[in-house]
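In this document, chain identifiers A, B, C, D, E and F correspond to the written order of the chains, with residue numbering beginning at 1 in each.
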Amino acid sequence: MTTSSARKLWKFHGGVHPEFHKDSSTTTSIASLQLPKRLILPLQQHIGATPKLLVSVGDKVKKGQPLTEIADDQLGTSLHAPSSGVITAIQKHAIPHISTLDGDCILLELDGEDDWGDCHLTPYDDIEQCDTSALLARIEKAGLVGLGGAAFPSSVKINSSTKKGIDTLIINAAECEPYITCDDMLMRERADEIVIGIRILLKLLNPKQCLIGIEDNKPTAIKAMQQATQQLDKVQVCSIPTIYPSGGEKQLIKILTGKEVPVGGIPLDLNMLCHNVATSYALYKAVVEGEPLISRVVTITGDGVQQPQNIEALIGTPVSDLVAQAGGYTTKAQRLVMGGPMMGFALANDDIPMIKASNCFLVASDFALQQANSPHSSQAQMPCIRCGKCMEACPADLLPQQLFWHTQAKDFEKVTEHKLNSCIECGCCDFVCPSHIPLVSYFRFAKSEIRAQEEALAKSDLARKRHEFLEFRKIREKQERDEKRRKHKEALQKKKAGATAGKAKKDAIQAAMARAKAKKVAREAEAAKANAKDIKNESEA
Amino acid sequence: MASEIISAVLVLVGLAGLLGLVLGYASVRFKVEGDPITDQIDSLLPQTQCGQCSFAGCRPYAEAIAKGEVSINQCPPGGEATIQALADLLDVEAEPLDAELAEKENIPTVAVIIEDTCIGCTLCIQACPVDAIVGAAKHMHTVIASECTGCELCLPPCPVDCIVMEPIKETPESWKWPEPSHPVTALQDIAVSVIKKEAA
Amino acid sequence: MSDDIIEKSPKVNYQQLIMDGLWHNNPGLVQLLGLCPLLAVTGNVVNSIGLGLATLFTLVISNASISFSRHWVRKEIRIPFYVLVIASNVTVIDLLMSAWLPHLHLVLGIFIPLIVTNCSIIGRAEAYASRNAMLPAIVDGMMMGLGFMLVLIVLGAMRELIGHGTLFENAAVMFGDGAEFLTVQVIDDYKGFLLAVLPPGAFIGLGFLIALKNLLDGWLEKRKKSSVSVIPVAVENIS
Amino acid sequence: MIEYLFIIIGTVWVNNIVLSQFLGLCPFMGVSRKLETAIGMGLATVFVLTLSSISSYLIHNYLLVPYGLEYLRTISFILVIAGIVGFTELVVHKTSPLLHNVLGIYLPLITTNCAVLGVALLNVQKSHGFIESGLYGFGSALGFTLILVLFAAMRERIAASDVPEVFQGNAIAMITAGLMALAFMGFTGLIKA
Amino acid sequence: MQFKTDKSPLGGMSNVASVMRQVLYALVPGIAVMTYFYGWGVLINIVFSIMIALSFEAASLWLRKRPLKVFLSDYSAIVTATLFALTLPPLVSWWIIVIGLFFAIVIAKQLYGGLGYNPFNPAMVGFAVLIVSFPLEMGQWMRPQFSDGHLPSLLESLTVVFNGVTDVFNTQQWDAMTMATPLDDVKTELRRGVYFSEVLQTRDYGFISGKAWEWVSSAFLLGGLWLLFKGIINWRIPTALLFVLATMAFVVGWIEPDVHQSPLFHLFSGATMLGAFFIATDPVSACTTPRGQLIYGASIGLIIYIIRTWGNYPDAIAFSVLIMNMSVPMIDYFTRPRVFGETSGRKQ
Amino acid sequence: MKKHVTAMKKSGFLLAFFAFVGVLFVSVSHVLTKDKIIENKRLLLQHKWNEVLDISRYSNDLNDDNRIISAEELDLPYDSTVYLARSKSGEPVAAIFRVTTLEGYSGGITLLVGVNYKDKHLTGVRVIEHQETPGLGDKIEVKKSDWILGFKGKFLTTPDVPSWAVKRDGGEFDQFTGATITPRAVVGLVEHVLMYANTHLQQLFLEAPTPPKTSEAQ
């Protein structure tokens, strides 16, 4: 069942047709990288909790050895040593993050032996024989994350899908962003392995159907995938029209099934699961070859490198090594972008490692980016003329011009009302804006501002509760103290009374009263004295 | 003539009297206790409980605002954002932060106890309005950073000055996307740079 | 409640009262109160003066009476009481005007009774007169009234000049038939610019006046700052 | 029937109370900084204005005219208006805290809204009948609300504009109101009387 | 190796300028036809307006300390000036143009922050100010050239504009050369009880409307279609506007035949086509949401019809546009479209 | 309940008291100014009449000697008033019509038209109220242009002489440049009044006066 034309396709609103520039990096097959000297492994590669270190400086590690782990109840995955060597430092280092801030990294000096030691996971040759729980455990243990975008831990996604059960498995092979070709090359060259990965997913989830969405500008890949899936009934390769961002998971689902993921929801809400092709290849590797996620295919491209190409490289490889493999820089290299020109972000230097989420490094001249109308180019920003082009291009059906207007006014209430959190930051609006407004930057600013406000609010709520509790506690403690004192006194009196008994009791009371009286007098005298002193002090002053 | 005045007086006095009766009745009959506005104001204040507003914490300040006794620009931790929010809520003009109070730079900080020096006197624990300090008597204390509001109230009581305020560090996770430069100011910059270039 | 505090405070800063009324807290330009007459009758200077005077009188008298009786008034009848005082004043003025200045009375029309709801008057009653002694309340009323009249006259002059090219047209309406000589044709053979005397002109004119005030304030501020830092001697001389 | 329609159209569009009659300008400028508050103010005004035009009609025709006391118009109208407003406020405050949140703070402001007294006086001046008075009040309030709400929405938009410093705030708001009045001049002559 | 990450604002020519230029190109056919019928006055209006508009723009930018070059070369002031000039009667005095542009450029545009911020359509503010203040000067149009009008030469035209009519023509000549616009004239005649079909028989009328106006309007329609084709404007506003205007005319004309203008007359007279394609579509001051644009266009059409038929102003484009301009923020707010993934009302 | 009563009593009493004081002042000033105000109103009207009919020509009080002519009778949109001026001896001198047309450019135009009793010529015409466009139609005001003065002395010879029209329609009255509708309406109305006067004036002076009304001064 592999005819690609059989399926009805839907359209999503908006989208754009930038120049794709995919040819230059598909002329050569996927190269594998020589072992670099040194790897830089950021501890935190995606959202989630800060992982716990399992190694320390000076440790010798083997290839595939887990370096970090994550607590059971927390979101995240473990990180594995991509090759064998010595840990020289665990320190702050430049990481590929939009903030350009440094992050905690493990610096690993490679010994060049690429020795697995006993860290190789058991390969499962026949996946049909494996039981589900073993597979799930493997996915978790192998540190798998989604390789198509947000690097979300795959185990979480798959686990929750098995629990709820899904109808449709979507394999995202659209690769809609300009310049990037890593999925394309992977499909051309390793379609069979990818399909094994898909079969693992099918076995785990047992969906009614599995749809593979590939943009129709990748005919070779489509053919390869069709060939590889011929035996599988449930699987259908769908050739979809080329339009950015057809690869956005919500857009792809709309194209393939006509359904829309609800606002703020995830595909699981529609009983679907969406994974990238590279993720299923990584799944194959983890299960069948027993290799945790320590490498991936990454595209090095742009007019700033000599030989644009795809490289299968170890996680943690510095960009400079990747570029060296691609023949080094040309004179045009002005900007370095991780990701594509639409969604990527600019990096300040090349001593930055590739991470699990790196699918592409684009080294380009200002001119090329300007041609691509990328937000990373430098074009004069004019005021918004409310032409509505951005609205027409927005795949999330938002009103970017209004979002922008209110963001400028810092009226975040209105921004929220205009559903900013539905923005997938695809950059279509940037691309079409005749005024060259970096809209996505504004939206990210607004998002982080709103998040900060929410956090501040939560914090102040917490503070109020704690303060109120403190006050309450103080009062209670005072009451308790008073109570205790009273009881104590009573008990004392009782004891006394019990001991002397009879008329002595009366005496005691009288005595107590006299004592109290005396005390009172004394106190008053003291107070008067103090008063006098005060007055004296004052008059002196 | 006199009769004219009398009828005028009668009519109007009657009208006014009636009105007075009705309003007097209504004012008792429809009397409302409590003031929901105080809660709304309180929820806008930062709850730092620092007392810089000259009230004993945020809630008393909120009550004072609700009564119209003080202006809305007395809370330095809240800064302009809080003033703006209060102005919106009460529909009054936002005013700049009170000049005397505005001196302190508004960088979020947390208290950190230098543990070697701490003698475990528990004085800071008593001072903290949000119970952000833990520790037993004669044992070293620590500040729970996530609960600390940075109010600095624990600094003065400490007999050995072992508490310091440290700015909250920015990490890639807590990092905030900066506001893109305003188009017009950006353009202004060009103008300036062009002028400078020409001058040079 | 804050009554007593102010009551006890021995000195009322009259200079500040004056500056507030005329400039810093001007009802027309800053508080934006009493806008209706401000915009409606400022088609020419004469009307402006007429309504300005009427408002001034009302403000002074009502401030005085409200301050006088401030201790007896219960909270729930506060507003009706102010309204009553002001309305009586206004009615008297209305009657007097219609007896002695019938032409002006006709031109000003319902804007004389509407002085009652001129927000600046109730505003002053509530914000100042009800909390202060008679004398300061009267001064306050006078200054607010003068400040208001000032704006009325400036706006009236602006609109009349731009609209018709004249000043003091219809002077006879107010000052009697002998006063026609007051009318000045400032620009001869002026075509007239109708917009100025139509509603849009009123709004836009006031907009520009407010902007002008902001501009002046900005300048004064700057002057003050620079003179303070640069030549302290000059400050002494000024103050 | 058609003349009643004309009263509404006339008061809302042609002789809009704010833009061409110059009444109710203080709340128009004062309560238009935010859309929600403008809507609240508008609703409160509709209620009070309609009620007060009716009651002042009654007072005028059944109390003042019979005794020849027309010169007490202003006083008695304003008293009644103040009374209605005060009473409404107290009642709303007690019975519906929610509504009070929406309308409450605007109600006292309405007493000083000269549109309310203005409409009552105009009703007398134009010798309107009972229904006409009510409709005139209702229509005027509707016109007021419409303009207020549009204006508030505009001001929110202008707040994000790059307005020259000296014009920021009230100055530009006034100019905007001026341009709105200019636009409304397009309706002159729609209703010929 | 280090890379740039900043977004320096230098370099790159703005595309706003090219959008505006397209609008100017689209106006060319209309301007040409108008010049053919009304002579030099049209071109003088345009050229003089552009000069004055640029001066006002430069002066305000300078006062506001904004970069002159960037904003003067965005062509928006030129578009405003041209559209404004097209609404003026030919040979109107120069000082009228200056006053109008002061309101258009300085008050309606620059006081709000210049390009992109003005809530009101600047050109229409300029025009409305003029028609309100100078109804006489603004109401007199040239008679088009072959309804035996004599078109003044360039020199005569310049003299009239800068020195006044009386320097060149005597009153009788001038009165013979000018007339009220067809919209105005038809309205006057209908009021007198003349039937619409009879009015159309008189000398100044052509097939469906004024002799010149039907051609001028067609030329603007052509330009507008080109803008549509180029994607500079979208179909919603013009379509809704024209549709509602024509429908109103049709319905009312059907109820009371021959005492109202025909739908075609409405569409091809005055500034209808110019307004529908060039003025109501001004992106800055129009609605920006899809449904909002439909409402906006339709309301403009409706108001145009109401004012033309029952109001005082013969052509009502300017006022209708301004009235809807002030409703824009409100409409935009309440017509936010359904966001991707929101359950639609249909489905519930 | 007790609380209600005391609160009511207090508020009611206080307000009533203040009302008493206030109204006392107002009533006193009313009494003092009453006559003057009525006098003013009378003078105001007289001033207007004087413009269309010289005051020296009659000696009766027009306030007392007038009729209302119904809209139907005069074939005008509203009821009209006619003031009848008589000499000392009671002889009819002239009549002043207060009439309104809706044919103006933007609504009603109200005129005072004075018609001489004997030969039915116009003693004067003035506009009292109009909404015509400022700068165009408002030239009918005597303040803006002396066009309206041109009616004085004119009379209607034979009813269907075309000269009672603006020049554009072939008559003898100027229109204003760019404004034909307004003058057309005024000329039409004056002609209409004259035609009525030609036939009815005599009878009007014979009828009994309508009771005096004062509301017009508004």
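In the analysis below, a residue touches a chain if its C-beta (ideal position, glycine included) is under 8 Å from a C-beta of that chain, and two chains touch if they have at least 3 such contacts.
What you see is a predicted model; the values in this text were computed from it and never measured.
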Checklist outcome for this item: Min distance from chain CA centroid to global CA centroid: chain D
Checklist outcome for this item: By C-beta contact count, B-D versus A-B, the higher one is A-B
Item to check | Rounded Å distance between chain D and chain E, as computed from the means of their C-alpha atoms | outcome: 34
Checklist entry - Taking each chain's centre as the mean position of its Cα atoms, how many Å separate chain B from chain C? => result 36
Checklist entry - Quick one: chain A and chain F, Cα centre-to-centre, how many Å? => result 83
Item to check | Residues of chain F engaged with two or more neighbouring chains | outcome: 7, 10-11, 14-15, 18-19, 22-23, 26, 30, 105-106, 134-135
Next on the checklist: Please output the residue numbers of chain E that touch at least 2 other chains, ranges allowed.
Outcome noted: 7, 9-10, 70, 107, 113-114, 117, 129, 132-134, 312
Checklist entry - Multi-chain contacts in chain A: which residues touch at least two other chains? => result 380-383, 408, 435, 438, 441
Checklist outcome for this item: In the complex, chain F touches chain C at residues 7, 10-11, 14-15, 18-19, 21-23, 25-26, 29-30, 33, 36-37, 40-41, 43-44, 134-135
Next on the checklist: Can you tell me which positions in chain B touch chain C when the two form their complex?
Outcome noted: 16, 19-20, 23-24, 26-27, 69
Item to check | For the chain E and chain A complex, residues of the former touching the latter | outcome: 1-16, 18-19, 70, 74, 76, 113-117, 234, 283-284, 286, 288-290, 332, 336-343
Checklist entry - Which chain F residues qualify as touching chain D in the complex? => result 19, 22-23, 26, 30, 102, 104-108, 131, 218
Checklist entry - Which positions of chain A touch chain D when the two form their complex? => result 383, 405-406, 408-409, 411, 414
